[in-house]
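To keep things simple, chains are lettered A, B, C, D, E and F as they appear, and every chain counts its residues starting from 1.
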Amino acid sequence: MAKVYVTRRERFNAAHKLWNPKWSEEKNFEIFGKCANENWHGHNYELFVTVKGQPDEDTGCIIDLKLLSVIINERVIDKLDHRNLNLDVPFMQGKMASTENLAVGIWGEIAESIKSHGCELHSVRVHETENNYAEYLGE
Amino acid sequence: MAKVYVTRRERFNAAHKLWNPKWSEEKNFEIFGKCANENWHGHNYELFVTVKGQPDEDTGCIIDLKLLSVIINERVIDKLDHRNLNLDVPFMQGKMASTENLAVGIWGEIAESIKSHGCELHSVRVHETENNYAEYLGE
Amino acid sequence: MAKVYVTRRERFNAAHKLWNPKWSEEKNFEIFGKCANENWHGHNYELFVTVKGQPDEDTGCIIDLKLLSVIINERVIDKLDHRNLNLDVPFMQGKMASTENLAVGIWGEIAESIKSHGCELHSVRVHETENNYAEYLGE
Amino acid sequence: MAKVYVTRRERFNAAHKLWNPKWSEEKNFEIFGKCANENWHGHNYELFVTVKGQPDEDTGCIIDLKLLSVIINERVIDKLDHRNLNLDVPFMQGKMASTENLAVGIWGEIAESIKSHGCELHSVRVHETENNYAEYLGE
Amino acid sequence: MAKVYVTRRERFNAAHKLWNPKWSEEKNFEIFGKCANENWHGHNYELFVTVKGQPDEDTGCIIDLKLLSVIINERVIDKLDHRNLNLDVPFMQGKMASTENLAVGIWGEIAESIKSHGCELHSVRVHETENNYAEYLGE
Amino acid sequence: MAKVYVTRRERFNAAHKLWNPKWSEEKNFEIFGKCANENWHGHNYELFVTVKGQPDEDTGCIIDLKLLSVIINERVIDKLDHRNLNLDVPFMQGKMASTENLAVGIWGEIAESIKSHGCELHSVRVHETENNYAEYLGE
């Protein structure tokens, strides 16, 4: 039976900064430059979630996209959108608010739920700007 | 020798609906929502076909992109563009008109032809909207 | 006081065909080509509504964008999305389902409502594909 | 002599919130919803600056685009990028951090400088998300 | 009767450089920087042509878009695509190969033909990169 | 430990033609069509470089993106941007100026440097137009 990959895009607007509390202000600016600016900056993040599975014969789909959207919204977008990634997001606590860590963190929030609906989570890709994105494949 | 992946984008505008004739109207709307609306809706589909091969020393290319475009247009776009995916498309007959099935169906129409020109079909990706796409890798 | 233009994008997926019932089949195909195909085709339409007004001192906004989105959704998107432009849309009855007529028709559905909220409708722009769009400025 | 409009895009990533200090917390959330969330959110803003002038016979250009970019960067991007629009930006002090006010504020920062180089500022357009933008024409 | 604006996008890939033969090499590099590099560079140009007219009652369109595309292709794209703007393009001879001059030049090639089909040319917009474009309105 | 993929986009504008000096003019035009036109054409190339690694605990990043950008700019963009791919680029000498060869060539210029900073180069993807791109994975 054919295995198909389906991708759903969701978006969130959030504030963050790159700041390591173990380091001096000087070292933070040396390493992170303007990304360490005190009063935050932010992004229009784009999130692409890819799931893998076999198309159901009756629906032609590997997962109901409305359901996939609900899973992503309830489990991650509602926690991230119009929030501060450093201060407000439970699954990012104690971690640097990097795009890499966001991708890994989002994977942890949705992988089980997607599995319980008969699909396999394949990839979480987070675009921070038009020039930068990070992807996690669960390995 | 290096293996390179080359991708060609083509587009088609088509009508469809998600409707399972084995189900009642009630069940169709329960499962598919507005995608089951009677009088069809449609999309600007984007199709990305990726082929894999070794660059030819004389041309620098793994396949003539004009030829790849002709293969895709003659074998799939001409059957899909300005058509109804449920009613008009031979290779979609008897299947739900989902993006997943489109990707698998398009693979079946072009894989042999691409192979006969010395390349391997690697991926068929179909974008239905800016938020949804399906990809088939032939596994 | 400054006058500012604010634009809101909304999207709808619809089926249509270009077909003049006063003409023969032959003439329809001669004039409209594949756009006249019997079983419909469709598009991911993008709608850009631009309103003009003075920023309110207390909000900094010329109109609440959530309200503008509600107006557009209730008055036009709900009538257009996942619908057939030739068969299902009250404000398109008796008109050719062209992008031009869509832009003019949408203007008629929303201009009064926007005015009643203290703004002026400036432009309705409808994108049918990445290559074609129509704009109406109410003149 | 022909008058031509030339547009330059620049980008900035900033944090903000919509919050009127004259209002109660309750009223702020009633009016601005999640845009009033305490710990900020942010955007990848896109700024399009359009200038109008006659092409110089020797250069073919109405303004040196490198110079236009320097003007925009020195006068606005350096003050906005990786900053908090409510706290950090001199020309936004005492104003709501709306897209409308940003467009008007940016106009004020660059109009004179562009004029001194023989061109006329025609439009400042600020995109906050893919769905919302504001434009100011100086009227 | 309503006046509607319709825009058609066409694309061309061309080489050019900014080089004023009346100037020394030194002055050319001082003014144009790397845009004056000897062996040319190039762009994926995007051309947006906007025409204005009244929708025809029988077609719903202000102009047949297939016809508009033919006019643009025959009169400008065929002369520009896969060409060198400095060396190969009759209507750019003796002019600097700037985006401004391209927009004015393209207007001159198509305005009469569009008029002869009952429409008015409203705007020619040429995008050189994602960051720069020029527009000519015929004034 | 998690492995994450990070992608950086850079851009360059270059001229080229497809022309095999071992072939007659006739054969070059037969194979390459207008891509063989004598006086060059050009593109806005987009380059996507993907690296793979483990996020550093102190920074949250697998590589400093500013450093990755410097590597790509110093080693490839400075050699490609506003240049002629057939005449000016050391690492393309003696090769056809195809997108495939560009991707392989760019890989050769940056793989070692990325490795020396603790990451692994995963992919080099070069977009020539909105319809064509080539990707090399180093195999």
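By definition in this document, contacts are C-beta pairs under 8 Å (C-beta built on N, C-alpha and C of every residue); 3 or more make two chains touch, one makes a residue touch a chain.
Everything numeric in this text was worked out from a predicted model, so none of it was measured.
Any chain that touches chain A and also touches chain E is listed here: D, F. Residue-numbered contact pairs of B-C overlap by over half with those of A-D, the repeat interface among C-D, A-D or A-F.
Farthest chain from chain A (centres taken as the mean of C-alpha atoms): E.
Although chain A and chain F share one sequence, what matters here is the overlap of their interface residues, and that overlap falls short of half of the numbers used.
Measuring from the averaged C-alpha position of chain D to that of chain E gives a distance of 28 Å. For the pair chain B and chain D, the distance between mean C-alpha positions equals 41 Å. Residue positions of chain D touching 2 or more other chains, listed in rising order: 130. Applying the touch definition to every pair of chains gives A-B, A-D, A-F, B-C, B-F, C-D, C-E, D-E, E-F.
Taken in their complex, chain D has these residues touching chain A: 11, 13-16, 34-35, 37, 39-44, 81-84, 87-88, 129-130. By the touch criterion stated above, chain B contacts chain A in their complex at residues 18, 20, 22-23, 31-33, 95-101, 103-104, 130-137, 139. The touching residues of chain E, counted against chain C in their complex, run 2-10, 55, 58-62, 64-66.
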